[in-house]
């Protein structure tokens, strides 16, 4: 834990609320930077996102996270009660940290954005509000609000700043994920009202958890399905993933970074936070299905990567593959599985940030991301090549980088599960996916950066990474290496949470 | 005490339950005189607003104070009436406020226009307070007949003329259906007082006459609320009428149908459900099916619309479908949620129509493509429109989301038991997601697409004021629904005894 | 006390990597001197540690020094990081750091023309050294695996060093990047198996620490089948990393990298990691004789196959690469045969058999060290030649002896050593390898397989001598080729001095066998646990007796001499035309050999079908079926909106009709509902 | 005494005729008349029920509804006049410009 290195014991009042308000104020302030002040938008956004990041880092250094929970009754009417509850625990702390860091770094990365920068940065900050809110919410009402709040900035990011097919991609993203959200909302209704006691349906996590003991098996199984669908689309899990490649392909780089780095995690976060915590019996029932689709996503995503021609689309499919890994980890329903599912979420958040930054930067510098048009660019773009190599290696699970530990733990947890169900051969799929992952990354590397220098495109205007881009990439890479060399730094946050959840699930 | 209804009772004595209506009626009577005396629209508008404000003040005083009284067994002021009257007053207020500067409303007959507006509102308020079939019928008719004229009172526009014809014919048809149903109901129950009907029916078995009464009343009220398949008039009339009037129809007139439905059906069925002889569930299914079809057709057809008023009309149809969930679920919580949704609908749909009206006034067309580049030309208007549309689509944390949250959740759970209407909730949420598609088209046109014209737009102040109010309420009701939801809950408690 | 600083051994090169990687641009020679210093430091420290260790009590009991701290935990399983020093680790550290130092020095000269790219080169080789040394001193499988993969990464990066902007043009870039990818992927296949093995061990033993896993009582408590599975999976990793049959195809391609890289990674050190791992896991592998049998057979087959492919290759580096494969095969044959006997001995409690097995262990390790030196020498020599002539094709060389005396002579020494010319290094180790293999054939049911392997190994020895001298003669003797004419003389001192040093070792190192090497590098069970070292070897007289009193020794020597003679006749005097034997290159065997027994084509086919073929299918499913369904759904909604909208004809009469139909439908619906719900 | 069903069926038939007219007639004046028919069918119902139950409320209702119907027709005719002035037709087919 960070707090073992340095314990930050000064209690900042309303820290969690500040984490929501600062980006919100920042978004408004940035939006005001229109017209001639456009140039300054990035500085305003930078300052606000930096402060948010600092606060989220402070949170990491806080030894006792429970001091920061805030709870106020918000709405109490007609038999329903919603509260404004913010809290951070082992599950969410890493995600909050990730959000804080990635938003700041994607702001830095996009410092060169010159078209309507005030909108651009305001949207990024607005998205941060939603993302932070999702991870800190302690009430289903707040949770769902924040969940949906993330959609709108992303929609605008894609459709304003996206590529040629941005309208299609944006609306597909918007509608598809919204459909999933509303199905999830039904599930939330079911658990909230099902757990209601004394005629009051309390939307807080705590109350629902307390009332969940009364859920019958059939109820759990059905409602798990609803919630799971909602979250699985967000993750996304095959076959509900097709919005993702399109969204990524068209989204601006910063949007992709946040989409893959933090937004996809909302899905798996939701599964753990809601499905597993509240509906353990449902989880037991759905376990084989989760395992199956997790494996499917893993292998399918990896194979799809091989076939992709667009670098960014390939990275998008690799996200699907890696989130499949998160899925099988969660499906183990064991402490190792949950611990490393969260860790993989964190790891993939960092790694996919690098990948999307690199893919985006390729598009900026070279003018195209089509792999068949590229080749031999490492000589012209050494920095980009180096970061791409680093990102690819991290993603394919090079030991010593954060991705490896996640995969190691996940597969071990899965091994444990496979032994318990007497189907050891299932592990082969995990190992196969590792191999395929290495395959598509290295093949892509070979075709883009190495080999014959391409003659298919005009190379006279290509330029290597700009300074802000290098800073952002360097910082993420440093984090990847830091947590890779010292995984315990992040893992220790999860131990308590995962083992207590595993107790609830009845499988240790 | 801050809210004290004694001032009302002092003035109106035994007519106190009708106090808000009386104020309106007086207003309606003096309005032409005011116009002829001053010949100025603004003076009329000022008086209008004053009248509505006074009426609203009385109503709020009574409502918050928990005033309850009955007049001659025909009208009863209670929490339900108070909430619905408030709703109608708000609608009238907005209509009056913007019609003064709208380019679509009549200039020559402005006094009459306002008088009719007040009369129509009074009719609606009558329905809200009515406790007898006769008063319900009269209220509806008062509201309807005046609105026919309101629709027609657009400056020599062929579309308005056509809309008015369609409206009057369909209004008549619905009146006939409703009246037929009421006559059968009267025949079955032998009385016209709703409470008495409920008591009478609770001891009866199902009869053919009752079935026919139900069917024709559903059809008749279904016309009012524009439920599929009785919705066909709505898009045409909404498109043809002057936009403030469209707003009045879409947010106010439509609710009259619901009030009548609630008044008649809920009271009857709640009373009836205590006796096993009476088949409530079948009719709940009928309503559920109508609700499902209505929201689906409304949303799906809205997708293909290019005229924004028509699109909003279809969206209104869909919203009616959502509110019909109340009739399917028939629980107190559902009713409270439904009423709350009606409120939020006033602000979000009303706001959207206001913007359309404002833009027509400044010369922008009704086509979605006319809205291209609006974000540059009128940032606030575009922003407000986005809020309204997203609220209609149920995007949190806006009012539409919160009210839908209440409404849809009522279809899932009722008093700790999972209801059989979960499928309806599913249909509703999926529809809600579909609706996002066509709302987003408008947002896209405003924000993403580039318009041919880039000059700034300045819209009339009254429109701005009304739109700002709607924006404020769309946000506030989203975040703090209890401001109105509490009253809705009280009101629902009244109908459910 | 130096042992406590073992962690510095991999760390110093790592620091060099970081420093050179970030700041190397401004350093002289791209940071080369710093990297050399790092390697030298590691070597000196290794010497001190080894001295420290061998003089300590721990050397005798328990035979290792280990220390670790908690790294992180997986559930209730604790993962540690630390060091584990025993004789084997000392040996690995010593030869790896020593050879690396020499090769780095050589690189200063060899890479002189690369300019700014040298920074990348030196940073990467330094990182590689970290991997190798870290592997040697790791205290558990997981830590070992980290370094194992770091080496794999460096191998990938360095093979692809010229993956872009190749001095010889785009085709060379293409093949370099392709070779790099192939190397990584094939080893990755092995690594994935190794990872699987680790999971098995972690699950069964609850820990990955060597101390725990190799504990005899622990091993006895675990299901032998799972140990077998784990062992085989670990050996899968070895097969990938050490390029054994059937994953041997990447190594020849890997010669696309700079020659120094081939020398360092693909001859002297990284490919030895597999041998090290088998030696390290000896306690585990010997739990099942079958595993060791498998190891030995794989080794024997590889030795033979790889040697055949070297017979007619014209590329000097490829010849050396095949030879590396073949020699690695020897090592695995030795370890496998020894382990087989040890396993049988353990099962039957036969101490003599176990002692015989221990000789295999010694043989494998000794051959590993010897091979490191002479193969590094040969590669560096070939690098010197390539540097001078600018080509790798031996047909374009020839007659270089006069121009490059030092290179020529040092390479001759290396060739003699690898060929097993009596009294040179390679001779000693190869003899005991062969002896172990033959010996193992006498035991167990499947022992006859080792006899076959022994025969193959003897044939391989003949072939080795032939192709090595074919190479030497073609390069340094005979007619001058096209490339040789470009040669402007001997390479710079920074290159020749390492050659000379290496040649001394290549010639004489093997003698350590006679002077107590097997006291240190042997394996046996002491006080109930496996211990490397502190054994009682045969001693000088024992070994001399063993080797020189066996008739098979003379058989091998004879074969080697004959092979050298044949090469001399064919390629130096050219009195016999080699084309006679292969129908001038048109015999099927010749083609099979030049096509590497069609292994690459086979792999390409399988890889392409399994990779790209399936991927195409997935892509089709994705865009057409899954996304197609999504799009179809959305257009169905939009389409139905349009057609439903058509019902809105605008005519009041139609509207009225709809209303009436609605009323009728309501009527029907109410009837139906009442009927179905039993209301009527 | 004539049973109540006869009156009710009569009213229903009247109602159906009116409904039929609304659906098939092109002239909107006739349509308005048909609606009057339907209203009157309901009125007959009221009267009949009132008579048979000797409850006076039904007759009150009828008086109300007749006046309402009168108002409605008045407004309707005015609107049709307006439409005729603007569009030159009062045929349903001619008043179908807004659709889809």
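Note that the chains are named A, B, C and D in the order they appear, and that numbering of residues resets to 1 at the start of each chain.
The rule is short, and it goes like this: contacts are C-beta pairs under 8 Å (C-beta built on N, C-alpha and C of every residue); 3 or more make two chains touch, one makes a residue touch a chain.
Model, not experiment: these values are computed from the prediction.
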{"item": "Between B-C and B-D, the pair with more C-beta contacts", "value": "B-D"}
{"item": "For chain A paired with chain D, centre-to-centre distance based on mean C-alpha positions, whole Å", "value": "64"}
{"item": "Distance from chain D to chain B - Cα centre to Cα centre, in angstrom", "value": "26"}
{"item": "Centroid distance [mean C-alpha coordinates] between chain C and chain B, Å", "value": "78"}
{"item": "Centre-of-Cα separation between chain C and chain A, whole angstrom", "value": "37"}
{"item": "Contacts with two or more other chains, residues of chain C listed in rising order", "value": "634, 645, 648, 650, 652, 656"}
{"item": "Touching two or more other chains - residue numbers and ranges from chain A", "value": "175"}
{"item": "In chain B, residues with contacts to at least two other chains", "value": "165-166, 169, 173, 177, 235-236, 304-305, 434, 437"}
{"item": "Chains that touch, pairwise", "value": "A-B, A-C, B-C, B-D, C-D"}
{"item": "Of chain B, residues touching chain C in the complex", "value": "165-166, 169-170, 173, 177, 206, 211, 214-216, 218-219, 222-223, 228-230, 232-233, 235-236, 279, 281-283, 285-286, 289, 297, 300-305, 434, 437"}
{"item": "Chain B to chain A touching residues, read off their complex", "value": "333, 336-337, 390, 394-397, 401, 405-406, 408-409, 412-413, 415-416, 418, 422, 425-426, 429-430, 432-434, 436-437, 440, 444, 447-448, 480-482, 485-486, 488-489, 492"}
{"item": "Interface residues, chain C side, partner chain A - complex", "value": "70-75, 77, 142, 145-146, 148-150, 153, 156-157, 160, 163-165, 170-171, 173-174, 176-178, 180-181, 184-185, 188-189, 192-193, 195-196, 199-200, 202-203, 611-612, 614-619, 622, 626-627, 630, 634"}
{"item": "Residues of chain C touching chain B in the complex", "value": "634, 637-638, 640-642, 644-645, 647-648, 650, 652, 654-656, 658-659, 661-663, 665-667, 669-670, 673-674, 677, 679-680"}
{"item": "In the complex with chain C, residue positions of chain A that touch it", "value": "172, 175-176, 238-239, 241-243, 300, 303-308, 334-336, 339-340, 376-379, 385, 389, 393, 398-400, 404-405, 408-409, 411-413, 415-416, 419, 427, 431-432, 434-436, 438-439, 442-443, 445-446, 449-453, 486-488, 491-492, 495"}
